[in-house]
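Below is one structure; the comments refer to it alone.
The first chain written gets the first letter, and so on, giving A, B, C, D, E and F; residue counts start at 1 in each chain.
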Amino acid sequence: MENLLSQGFEIAIFGMGTVFMFLTLLILATHGMSLLVQKYEAKIPKNTADTATQKADRNLLAIISGAIAQHRSTRN
Amino acid sequence: MENLLSQGFEIAIFGMGTVFMFLTLLILATHGMSLLVQKYEAKIPKNTADTATQKADRNLLAIISGAIAQHRSTRN
Amino acid sequence: MENLLSQGFEIAIFGMGTVFMFLTLLILATHGMSLLVQKYEAKIPKNTADTATQKADRNLLAIISGAIAQHRSTRN
Amino acid sequence: MSQLVALWQSSGIFQISIPQVAMILIGLFLLYLAIARRFEPLLLIPIGFGGILSNIPGVDIAVGDGVLAQFAAMGLDTGIFPLLVFMGIGAMTDFGPLLANPRTMLLGAAAQFGIFTTLLGALSMTQIGVFDFSLAQAAAIGIIGGADGPTAIYVSSVLAPELLGAIAVSAYSYMALVPLIQPPIMRALTTHSERVIQMKLPREVSQAEKILFPLLLLILVALIVPGAAPLLGMFCFGNLMKECRVVARLSDTAQNALINIATIFLGLSVGSKLIADEFLVGATLGILALGVVAFAIGTATGVLMAKLMNLFSERKINPLIGAAGVSAVPMAARVANKVGIESDPDNFLIMHAMGPNVAGVIGSTIAAGVLIQFAG
Amino acid sequence: MSQLVALWQSSGIFQISIPQVAMILIGLFLLYLAIARRFEPLLLIPIGFGGILSNIPGVDIAVGDGVLAQFAAMGLDTGIFPLLVFMGIGAMTDFGPLLANPRTMLLGAAAQFGIFTTLLGALSMTQIGVFDFSLAQAAAIGIIGGADGPTAIYVSSVLAPELLGAIAVSAYSYMALVPLIQPPIMRALTTHSERVIQMKLPREVSQAEKILFPLLLLILVALIVPGAAPLLGMFCFGNLMKECRVVARLSDTAQNALINIATIFLGLSVGSKLIADEFLVGATLGILALGVVAFAIGTATGVLMAKLMNLFSERKINPLIGAAGVSAVPMAARVANKVGIESDPDNFLIMHAMGPNVAGVIGSTIAAGVLIQFAG
Amino acid sequence: MSQLVALWQSSGIFQISIPQVAMILIGLFLLYLAIARRFEPLLLIPIGFGGILSNIPGVDIAVGDGVLAQFAAMGLDTGIFPLLVFMGIGAMTDFGPLLANPRTMLLGAAAQFGIFTTLLGALSMTQIGVFDFSLAQAAAIGIIGGADGPTAIYVSSVLAPELLGAIAVSAYSYMALVPLIQPPIMRALTTHSERVIQMKLPREVSQAEKILFPLLLLILVALIVPGAAPLLGMFCFGNLMKECRVVARLSDTAQNALINIATIFLGLSVGSKLIADEFLVGATLGILALGVVAFAIGTATGVLMAKLMNLFSERKINPLIGAAGVSAVPMAARVANKVGIESDPDNFLIMHAMGPNVAGVIGSTIAAGVLIQFAG
């Protein structure tokens, strides 16, 4: 019984210690990550090209669909 | 065999009886419930307060977001 | 080992054969199906009646709801 | 060369049997009914397609480790799929018309006669030696008369899993045939002056009543017919989520994504029971014959109960709405409305028919509870 | 006649016991809190309804092959349902405020004191002989102080499944009570001049930071507290799906259909643990008593940590946001805002409180990982 | 003190191995490809993230009772997840372009050469002693050349579960690389005058044809290659739900909530197969090398088949659309369109390429059926 409570104290101390250590490291790591990102932000590809491609594809399909519809209406 | 059919009759009678008894009780209970509700309707909390709080929270967030956006636009 | 490779050749030949045979049959079957459909298209029920019924049902409900709402508003 | 022989022997053309061909044609026929005739397509499309898949020779789809066999083991043998569908139906049900006019619940009670007379019919067939149905099987066949798909599937998965395919196909087919089965019976049992009875507009029902009703119903079930509690419990849970208005996102999912997913799996699982050996038996014909009788009797007793009630009450009920007591929501209520309009184009009965219609759902789950408790 | 006796004996009225009646009333009370008082309705409605179903006599719903027992076996005993809910919450979480001001994470650390003091409280009760909690049970009770529903359910399903019902009810009830529990403590521990501290508007956070943060968090967890990896891993996965913007359809499903389905099943499964024999024990009272203490201590240590940090820093933190470190997202952050407005109607703290609020979620999963590793 | 040692020993830093570090880096690399380069993000984000989770030391996530191990047991080992994804893809597929021009199906047949030459390549490697692949393993590797994710995963879960991780990563990576792999081959095998061939606008296809096609396809599969019936059956079922228009709510769920849920679970399950011990083996390099060869050969034979068909027909086919026969829907069709535009900016091939593109899906499931039946 005595043993159980002392085990509890150990867990409480190590547990709280781990929580604080973890979040402290996370603060440091987050700071570091943010600094790196802000430094290299300009160099990161913006993927705008890909989006543009997809958009173009969609436009393309719209154009094609329109053309086909027109073609068919003139055929009849 | 004879036995099976007589078992069937028993189940049919008790089954239909249960269905009618159940729905009759449900009619009575529903009537009672409706009467009680109509009597005490006014006393039941309308929860409008809570909804108002949530709405206020949403408004609040909208206001804050707007303020931040404005702040940033003036900063640049 | 020799055996494994020769087994592989057999599977490759039968596999490719099956793929081609299957898709060739599918081409023929599709052609046949399309011809049949185009021939009998006019005879196929268009289900417009059913849709009309459902639509009518919806209209009906809308009409009823409206009538009830009006009735209630005049009652008060 | 031996490979070529193996290829030929592995093909469906080589392996297929006549009964399998017949079952595939039945599956295609169910798809035709669902697509071209709009017979209960939400269930009959997965059931029909699952039935075709289950009769493809040379590959395990509906047996062993096959995907449909796995779906069935997961949610049909366990009852989970029909219960989830029932929860979703509960979340789509409006008890308002019933609450406005509770005495119409008696119509939903009377229409359950179809269940028990069908049970007796099945036992009589056994008696005279035409078929050989056990009590549990007869009860599972009877529940077709409940005119409620998930209830029929749930009960037969408990009482007679070997008949599940035939019972489900029968139940959904006749539910789709309600516009053909019911009107002649309704016209035969009513006079013109009864059919033109106009009913008072139902009163407005408050939110509080709608919230309390599923709880009241659940408590009453718990006290009287606990066997019906799994079915009615899930139904009431769905309805409470809808009416309480504080969990709109759960109610929305129960009415859409979740019921749709459960319906797809349920339909395919039922389809997995349409294996030739199990379906192409004499009993299936008996089930189909008994099923239509069940619907006819339920329709008749619902109408007659309304006429009986009119003997004792000043506020006359249009007896056509009694036919809606069989369930078959919302088809039977629409049929009542349509037959009513034939006699008086200005008499819209649909709002009045919705009460007995949902009462019929309650009635058949109560009957199901009794059958599970006493015929199991 | 014997049938009539059987019918009577099969009824709930005949079979029901006093404890079952009590549990059904508790279930109705939870529904009342959820519907009329809006106490965490998303979980308390399924839990309350499931609790009622589980105590219906004469039918197996929460035991054996019953549907709720099957749900529990499928996703509660395995941890799947709480993890899916946690994934969905991750997909709804915005780490922006935290990234703008990382040092407020310390508030989310400090508020976890509630977890461990509650654990010690439970062991002390055992020590003085009031209750008899094992170390694993004490740890599961402690995690109530994490103020995070899925985490509490996940931990107790691992460490003390027999207490799961009481722990879940306690966790969600106190989360709903946060607006009552926290303000007095917050006012008692702060001066007026502290409560009116205005904080700088947080900086804008870039998309790249938001994408990298869940990965950074995951790696750090993997290196330091692997026991927390299942919980935090699913959380970070949900968050990454949201922030990366290239899988919008998956993120949308994780935030809607999937989390709603998991919530319905999770709630009903937890409800299945509210069986009279298991819930109506002295231990439940102990758990309820310890739960409120856990919330109170977490609130206090969060506020005190903010005051401590102000001793060492120029940029003062309004200590009210420390209370948001307990988690209870987003309720605790709203409470911080509300108490702040009492002292200065123009001081909106909610944006600043969201940082410690989500840090509290991280903190309690780390604590959960330690407890699972060392008290299991 | 001993606790401190235990804490340290339980940490990931203490327990992690070099191969686990390597696998976590590979997982991060897959995420990078998915997010920054948009390589098949719907699958590579769950796979990559699952891969990271699976290599966290000191906690069971991808093994034993771990959540990813449970997902894999539930839906990957059983084939359910890939089949559900395939059903959803079926519900999103439009067979219109194929029905308008059925002879382009031959292009989808020819492109499957990649599958079988890769199979032979894997066996040759075994022959010369570089690797040691069994016939079943070689068949599973070959199916990468089918350029169809769910088919590759389904086949390897049946024939070579131990290679599933490497095969899935290889299949999805090369599908994403189609815009890099295909164009040089397409240009090398065609002349300018071939690349500028303009094709007639496809005819309008009626609703009835679209409804009948999946049934026709299913019946043909049942008769000829039953082994392909589970895959093609689920695909046709999804397509029928879409085209029949009477179950819009089921079709909508199959295309959204259900496929998204299955994709999340499938991706995480595949990720659970990226455990260091299983993935970091020489065979993986062989699979990656063979995979790119498979895509290249399929592209080439598709193009060459179109040229062959032009020898016998008046209505010339632009051979670029032959490359779309590999599948990789809709990427390969887009690539055909793009390469066509290089030579004639007004020649839009995408509508014409969609036919062989979906025919490629059919072709690879037929090949899969043959492999499962004869190499299993």
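We take it that a residue touches a chain if its C-beta (ideal position, glycine included) is under 8 Å from a C-beta of that chain, and two chains touch if they have at least 3 such contacts.
Remember, predicted model here, so these are calculated numbers, not experimental data.
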item	value
More contacts between chains, A-E or A-F	A-E
Farthest chain relative to chain E (centres taken as mean CA coordinates)	C
Chain C-chain F separation of Cα centroids, rounded to whole Å	25
Rounded Å distance between chain D and chain E, as computed from the means of their C-alpha atoms	41
Residues of chain D touching at least two other chains	3, 7, 38, 221, 224-225, 256-257, 374
Of all residues in chain C, the ones touching two or more other chains	14, 18, 44
Interchain pairs in contact, sorted by label	A-E, A-F, B-D, B-E, C-D, C-F, D-E, D-F, E-F
Chain F contact footprint on chain A (complex, rising order)	10, 14, 18, 44-45, 47, 50, 57, 60-61, 63-64, 67-68, 71-72
Sites on chain F touched by chain E in the complex	3, 6-7, 10-13, 15-16, 24, 28, 31, 34-35, 38, 41-42, 45-46, 49, 52-53, 56-59, 61, 65-67, 70, 256-257, 260-261, 263-264, 268
Chain D to chain C touching residues, read off their complex	3-4, 7, 36-38, 201, 204, 334, 337, 348, 350-351
Parts of chain F lying in touch with chain C, wherever the complex brings them together	99, 102-103, 105-106, 108-109, 112-113, 115-117, 119-120, 123-124, 126-127, 135, 138-139, 205-206, 208-209, 212-213, 216-217, 220-221, 224-225, 359, 362-363, 366-367, 370-371, 374-375
Residues of chain D that touch chain E when the two form their complex	78-80, 83, 211, 215, 218-219, 221-227, 229-230, 233-234, 236-237, 240-241, 244, 246-247, 249-250, 252-254, 256-258, 373-374
